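Read the structure below first, then the notes.
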Amino acid sequence: MDFIGVNHDDKNRQLKFLGLDSEDALFSSVPEQLRVSPAADDNGVTELQLRRFFSGLQKTPDGSIEQARRFIGAGAYNHFIPACVDALASDSSFTTAYTPYQPEASQGTLQALFEYQTFMGELLMMDVVNASHYDGGTALAEAVRMAFAVRPGDDHREFAIIGRLHPEIVEVLNTYCSHLEIRFCEFSQEDTFSTEEVVKWLQGLEYLFAGLVVSPDFYGSVIDYEDVGHEIHRKGGLFLVHTDPLSCVMFEPPGSQGADIVSAEGQPFGIPLSYGGPYLGILACKEGLVRKLPGRLCGETVDDRGQRGFVLTLSTREQHIRRERATSNICTNQGLMALRALLYMAWMGKSGLHRIAELCYYRANYLARKLAALPGVELVNPGAFFREFCIRLPRGCSAKNVTARLTAQGFEAGVALSRFDSGNTRELLIAVTEVNTRESMDALVEACTEVLGKKEG
Amino acid sequence: MDFIGVNHDDKNRQLKFLGLDSEDALFSSVPEQLRVSPAADDNGVTELQLRRFFSGLQKTPDGSIEQARRFIGAGAYNHFIPACVDALASDSSFTTAYTPYQPEASQGTLQALFEYQTFMGELLMMDVVNASHYDGGTALAEAVRMAFAVRPGDDHREFAIIGRLHPEIVEVLNTYCSHLEIRFCEFSQEDTFSTEEVVKWLQGLEYLFAGLVVSPDFYGSVIDYEDVGHEIHRKGGLFLVHTDPLSCVMFEPPGSQGADIVSAEGQPFGIPLSYGGPYLGILACKEGLVRKLPGRLCGETVDDRGQRGFVLTLSTREQHIRRERATSNICTNQGLMALRALLYMAWMGKSGLHRIAELCYYRANYLARKLAALPGVELVNPGAFFREFCIRLPRGCSAKNVTARLTAQGFEAGVALSRFDSGNTRELLIAVTEVNTRESMDALVEACTEVLGKKEG
Amino acid sequence: MLSNLPELDVPRDEYTQGKGVPKKRRHLTIPDHSELEVVRHFKGLGRANFSIDDTMYPLGSCTMKYNPKISEEVAGNSVFKNTHPYSEAGEELHARIVHGLQDFLVSLTGLPGVSLTPAAGAQGELSGVLIIREYQRQRGSSRQVMLIPDSAHGTNPASVAMAGLVPKTIKTGPEGRLRLADVLEVLDESVAGIMVTNPNTLGIFEHELPAIAEAVHEIGGLVYGDGANFNAIAGIIRPGDLGVDIMHINLHKTFGTPHGGGGPGAGPLCVTRELAPFLPGPVAVSQTVSHKSTVTELGNDSNDGREGSRQSFRFVMPERSVGRVRTFYGNFGITLRAYVYILVHGLNGIRRNSIQAVLNANYLRKRLQPTLSPAFGDECMHEFVCPNPLVTQGVHTIDIAKRMLDYGIHAPTVYFPLIVKEALMIEPTESESLAQLDALGEVLEKIVKEGLENAETLKRAPHNLPLGRLDELLANKKPVYRHRLGG
Amino acid sequence: MLSNLPELDVPRDEYTQGKGVPKKRRHLTIPDHSELEVVRHFKGLGRANFSIDDTMYPLGSCTMKYNPKISEEVAGNSVFKNTHPYSEAGEELHARIVHGLQDFLVSLTGLPGVSLTPAAGAQGELSGVLIIREYQRQRGSSRQVMLIPDSAHGTNPASVAMAGLVPKTIKTGPEGRLRLADVLEVLDESVAGIMVTNPNTLGIFEHELPAIAEAVHEIGGLVYGDGANFNAIAGIIRPGDLGVDIMHINLHKTFGTPHGGGGPGAGPLCVTRELAPFLPGPVAVSQTVSHKSTVTELGNDSNDGREGSRQSFRFVMPERSVGRVRTFYGNFGITLRAYVYILVHGLNGIRRNSIQAVLNANYLRKRLQPTLSPAFGDECMHEFVCPNPLVTQGVHTIDIAKRMLDYGIHAPTVYFPLIVKEALMIEPTESESLAQLDALGEVLEKIVKEGLENAETLKRAPHNLPLGRLDELLANKKPVYRHRLGG
């Protein structure tokens, strides 16, 4: 780890400018024998390791399960948050400012929102990202309402859903659309399926106004969905995608697969778990749909001296001007959470984001393979998955009991899906991030082996 | 507790301006029966109580002894630090600025130092306070060196000490003065003594260059020392006082008792215990001695447009200009700690400081009375004491063993003085502040009763 | 900051048995920076903001009061930051805190049912209108009309429309108040309910609300109270006593939670006992269990671990809930801060806040009267609205607002409520000192004088900020929503 | 904020048996404020500062490098903040951390004895000179003379004088280096030792130090290394290998601890094995005990609680210690931050910092050469010194410095070292980006051009800050050290 300001390329530029062929030459005036060789094995530790070290030094850090052994996800993820993000996000110049109604006095907030829109737009490859929504669930619900508002005809009330939605998001969607008489058509999720099957299924829907792909879905499954989007467009529908921002670092993002509207939960980007909120609803669309997009938008402009600046824009869509004809009633946004996501992206940069995504992806694959190798355990979503996967425990095992026993051994092993559907007694949803070290995964496998070995009553 | 901006007097001014005889009249348009009466018993809790509540909610706060049951002092005190002080002191505009060598770019730091000098000067009633020293011990050592530098003649090498100095401060003093051939003459500390006895003792010293009163002293004892100062002055010596800033809220401060030079440890004013440092050395003097005062000083001036501003001043006393003829080698100060002390004083105001001082004073008196009532226990310093006192346990009891047994019962009961002098086996130094509630004091008395009841081996 | 991240410590193996792996992304153009570059950039942005911590921010209706540092300290505790919403071990602690705030809100509103899940005031409104719709539906009624005064916040009609009901506007009376007579005129069997903000957005207390509520109840309608201005009356008047059936509260306004850049907030919903089963969920409930007490009690400084019964806490969905409006348990981080705020104030402290907020507004209102004459009446609650006194000089309200920025004070809310032409809506809050109130008064007096002498000074403001007046028209005509990052 | 403090809960009883109670104070004039007033005042003061987090701060010799946020996070932990120095339970943890930093400093300096008690570099120096005096005394010598180059920091002669020894100046050679020949000329039996800063304050490496050290050792003297510029060589050159016997390190300079407004810092002292018993104390020591391990190891991500031996830590006074220089254990909070800094960097990271600091200085030096010609030589270490190129225009170095502030960059150190007339001493540190180095270069080029064209622009600078140039003379002539507060 380091805090050096000059990057690799610039460093080479400096050496070249000085006519030096190596950095050693900087010290050529010092006799060789007085210079020590680098201690190759001490490159320092990461913030994550450091925090773990110091909390270990204090005998009872917080009396609870250590972070590396927490494998709960299901829509809220246990990610590393850099100290720098916490420090900057708590600056009261941001936290005690208000909605930027007087842009000249709020350029800090506005520029941050504009940069959030930029980075998030880049990540999703979407034209427009709004200045944040309550959470991923309400962002999706607004996306569906938005699609419904532009539907081609009054009889177009079918909404196709491909991929498993978080059960709580389904509930939010139902609440938000309760009077709209939308027919939600779910593609019956098999263990494996092909794009062709989805396309064929879509062809059977007559009054489609929009279709949604969920990827990663509730079980972590990820798919290519370009062809699905084509088919939805062919039927005159809008193509919606509900995704996860970190997965977009690794896989082709919604924008490059033809999505018209994209929603996502932004919590993984620098936002503390905080028992479920405040989080960050991400909502994006193609430029042509912007007049139907709810929520605030920040735009670029100039001042009376021609200097560049930022303002809230297109507010004629909003409730304080249009009242009952507004695109939504939304007023309060999650500005400070958008700031956190921006800080996170800025701190990470593309290199850091890529590393985090890789750690989540390959570690989850590693753990899934190991767990699936245990007798009687099967992977429920054996296609590609990102950061999360679902296993089915052997017959006679209750996931709820197994997690309780693993808790006693110092693991939050995952979410027993009986929480959402009492029929799903054996399913366990497991998330793996950069905080879950290889050692902690191996320890979990070992603990599972032991717990599953002892048959339960 | 409240966060209302208008104070009591101003509120009355407002009501008068509006022609209202009570605040109730503001709501006269609301029918009486629709107004609820105040819930007289819920005036909210203090930050201290709030922190205690939340750490109690988390089952193992930090696995250690709770704050209210920590009675260790001996030069570093367990005081309440407002959240606001922590929040403002960590602003990187202060923490990552440097010594204000370019005053135009450092007015924040400079004005803060000037305000620290103002408030601390006011508290001590001294003309000049420097912009901070390493700690109370080195501040005293520099005070003695300063006095030595202005001594009336080469043979004047006697330095009188009245009151018990912290043993570690004595060590620092010895280190700092090791080659100066000063003869330290200590007034032999009896359980009780009168000012007259001290004056008489002083009269016996022939070659005095300065005398020091320590109040509160190491055992917490406080005295009036105006007459002592007169006698020292009569002998041509400088009058030094080593004190505690909080005690100066309650008792006549050194400046009004004639002190020429004052030193103190500023840790009690908003500075975390932090295992002994960084703390704040306070060093003050009369205006006539300022050229001999070591350390930085901030002064007021004007800019080229006549605007008021602040600069470092009288730097010709300092090492970077005068080198070996400087008043001291000191360069780094404790600027951020001076800032904390300033923030603390500003937040508390005179009312808050007075409340804190009263809590410390009367609670210590309460606990001392209770402990001294236990069989075989005596108070070592039965005169007036501030925040701290020393008891002698019954014959056969080791203070070290007793505190160890009290630790097992969840108390840090005090400092066993065998730590400093192995002969002092039965002496226990106990500090009481605003964090030590009456309940915790009663609990300590109960625990002591039990522990002392069981005779040790 | 790649050097600060863990190395990949497992093989690059993909464990897929069925479908193939999706295409990997090739380009990502988010730049890499050093930590110092990130720090400087954002510290610079912070300096480009006005904030409560910098200056007075008298935005009417938005209630920019002080956000205590102790709330941030408590919320920064790692247990609160790092607990997953599905952590079994965390439910008791978190439900206890949610329940604690629910209880306080019951005391303050006089409404015994509370849900803290709505993420913002507008979401509370939506939930409330859904309850009204559902309540009417379960009574077998298909009433569609919601009555809304013309002074209401835009969220009221927008929430009604969003829930599929139909808003109908009632005109404000000549004294800036809603009149029973005007309500009776439109009250019929099509009316599902009425939405009233009290004090209303003119800062005036709606006297006739109890009578209006009675009339609405009589025809089978419900009364929705918009709690946006609750900070004027909290601890003094309980909306439930006025006949309100449902009410949301904007936690940031009344209980001083940070609302930086427009959010997050939280919009708890409070309802009558009858409507409690309809609340959005989950809500926290308590039950008594016998247990050895280890939990500290607030205000009781002893901790003696006595035996006895204690409350246990968990989350449940209300039985006939209108559903979830948000995943998990709402904005817990905001709940926590509001809870801390009420704990440190006590109910009396909340009452003192309301009184001082009203006193400050009345003081400022009277002090400014010669300069800025209020639109209505002789007194106000926590805020007041004045029409622009410089209209005849060709000076717009926005010009006055921009000029205020030059004097280092944030502008009030402008052009709202819509029923006052060119409105300035001033809310000082209880946080400001008398000196600061007078400073605001002097600035406004100075600006009005400037406007009378030389209107151009105002029309070209701000002059003293890094940027001059920004062209909002251009931003709308040629919208640019983001930078295009280089490859 | 009286309302936020506990009420007095005990009687106002004074329990004094002997002497009377001292007179109570009658007046205290420190004003009462609301929390918001306090916040605004200090936030405003913060805005009136330049800081590393805002802008480049190339103060030569002061080493204004970036202070990582993770260090502040760790130091903010309540266990570290709230442990009393005499807490028995805390000794193991705190001694372990102090010992950890001691070990790192041993590796980096090649000097096996370390004490972390000195509170600042100058106190480290004083302690070091006391050791030299004591060492000579115990050898039966009363040597008094300490040789000090004329380029040294003022603290060197001041510390020597403070310890009762006599400083004697050696002239720097024509290449900006100390020459063996010049040292030999003054080296005799009166010499207790020599103090050398390496690289020296001109940013130049002292080649001849090993030979000089040998000569000094030969006559029975000791070599003191001033570690103020250790950040140029840490991880690359060990001062112990150069013949240094005693050295202090300014933790904030090399290990990025915050040093706001001039402190606090910490000035650990590192010495040879022979001198270790003289160190000021207490120092942390370790011993091996057999124990079931529950302590996590850094870099080892498993935590299996195996049986085995482990290190135990405590504090002791060195046997022939020159004494305490400070109460308790030094500035533990600074020790902790420096320890975190080294942990996250690793020894290789510290080395990379040094290399980049030197590379940045050389880059900037060469880039500026046409504008600002360095005082000595063709290369530098981490900083370089240039004479003011505008002297003939009547422009003083201070004028250049003030003009830099107008461009939003802090000025370099000026008028030091004393041996370069009208010096500008520039230290970019490794924290700055190439773009920022170039920005500094452009600003200096622009200013020199301005100075050639119109010297008045510089002489009247700063123009763009809230305050113009401050009258330091007045402050000295009519000193005002504090406000007089009204009764």
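When the chains are written out, they are named A, B, C and D in that same order, and each has its own residue count from 1.
Following the convention adopted for this analysis, a residue touches a chain if its C-beta (ideal position, glycine included) is under 8 Å from a C-beta of that chain, and two chains touch if they have at least 3 such contacts.
What you see is a predicted model, and the numbers here were worked out from it, not measured in a lab.
By count of C-beta pairs in contact, A-C exceeds the other of the chain pairs B-C and A-C. Same interface as B-D, judged by over half of the contact pairs sharing residue numbers, among the pairs A-D, B-C or A-C: A-C. Chain A and chain B have Cα centroids separated by 51 Å.
The centroid of the Cα atoms in chain A and the matching centroid in chain D are 43 Å apart. Per-chain CA centroids place chain A at a distance of 27 Å from chain C.
Counting partner chains per residue, chain D shows two or more touched chains at residues 4, 34-37, 39, 43-44, 47, 52-54, 66, 68-69, 72, 79, 344, 431-433.
Residue positions of chain A touching 2 or more other chains, listed in rising order: 1-5, 7, 46-47, 49, 58-59, 62, 82, 84, 87-88, 92, 437-438. Across the interface of their complex, chain B is touched by residues 39, 43, 65-66, 68-70, 72-74, 77, 79, 93, 96-97, 107, 205, 207, 210, 235-238, 241-242, 256, 294-299, 301-303, 340, 342-349, 351-353, 355-356, 358-360, 362-363, 366-367, 379, 430-434, 436-437 of chain C. Residues 4, 34-37, 39-40, 43-44, 47, 52-55, 66, 68-69, 344, 431-433 of chain D touch chain C in their complex.
Contacts from chain B toward chain C in the complex involve residues 1-7, 10-11, 13-15, 17-18, 23, 26-27, 29-30, 34-36, 38-40, 42-47, 49-59, 66, 68, 82-84, 86-87, 92, 437-440, 443.
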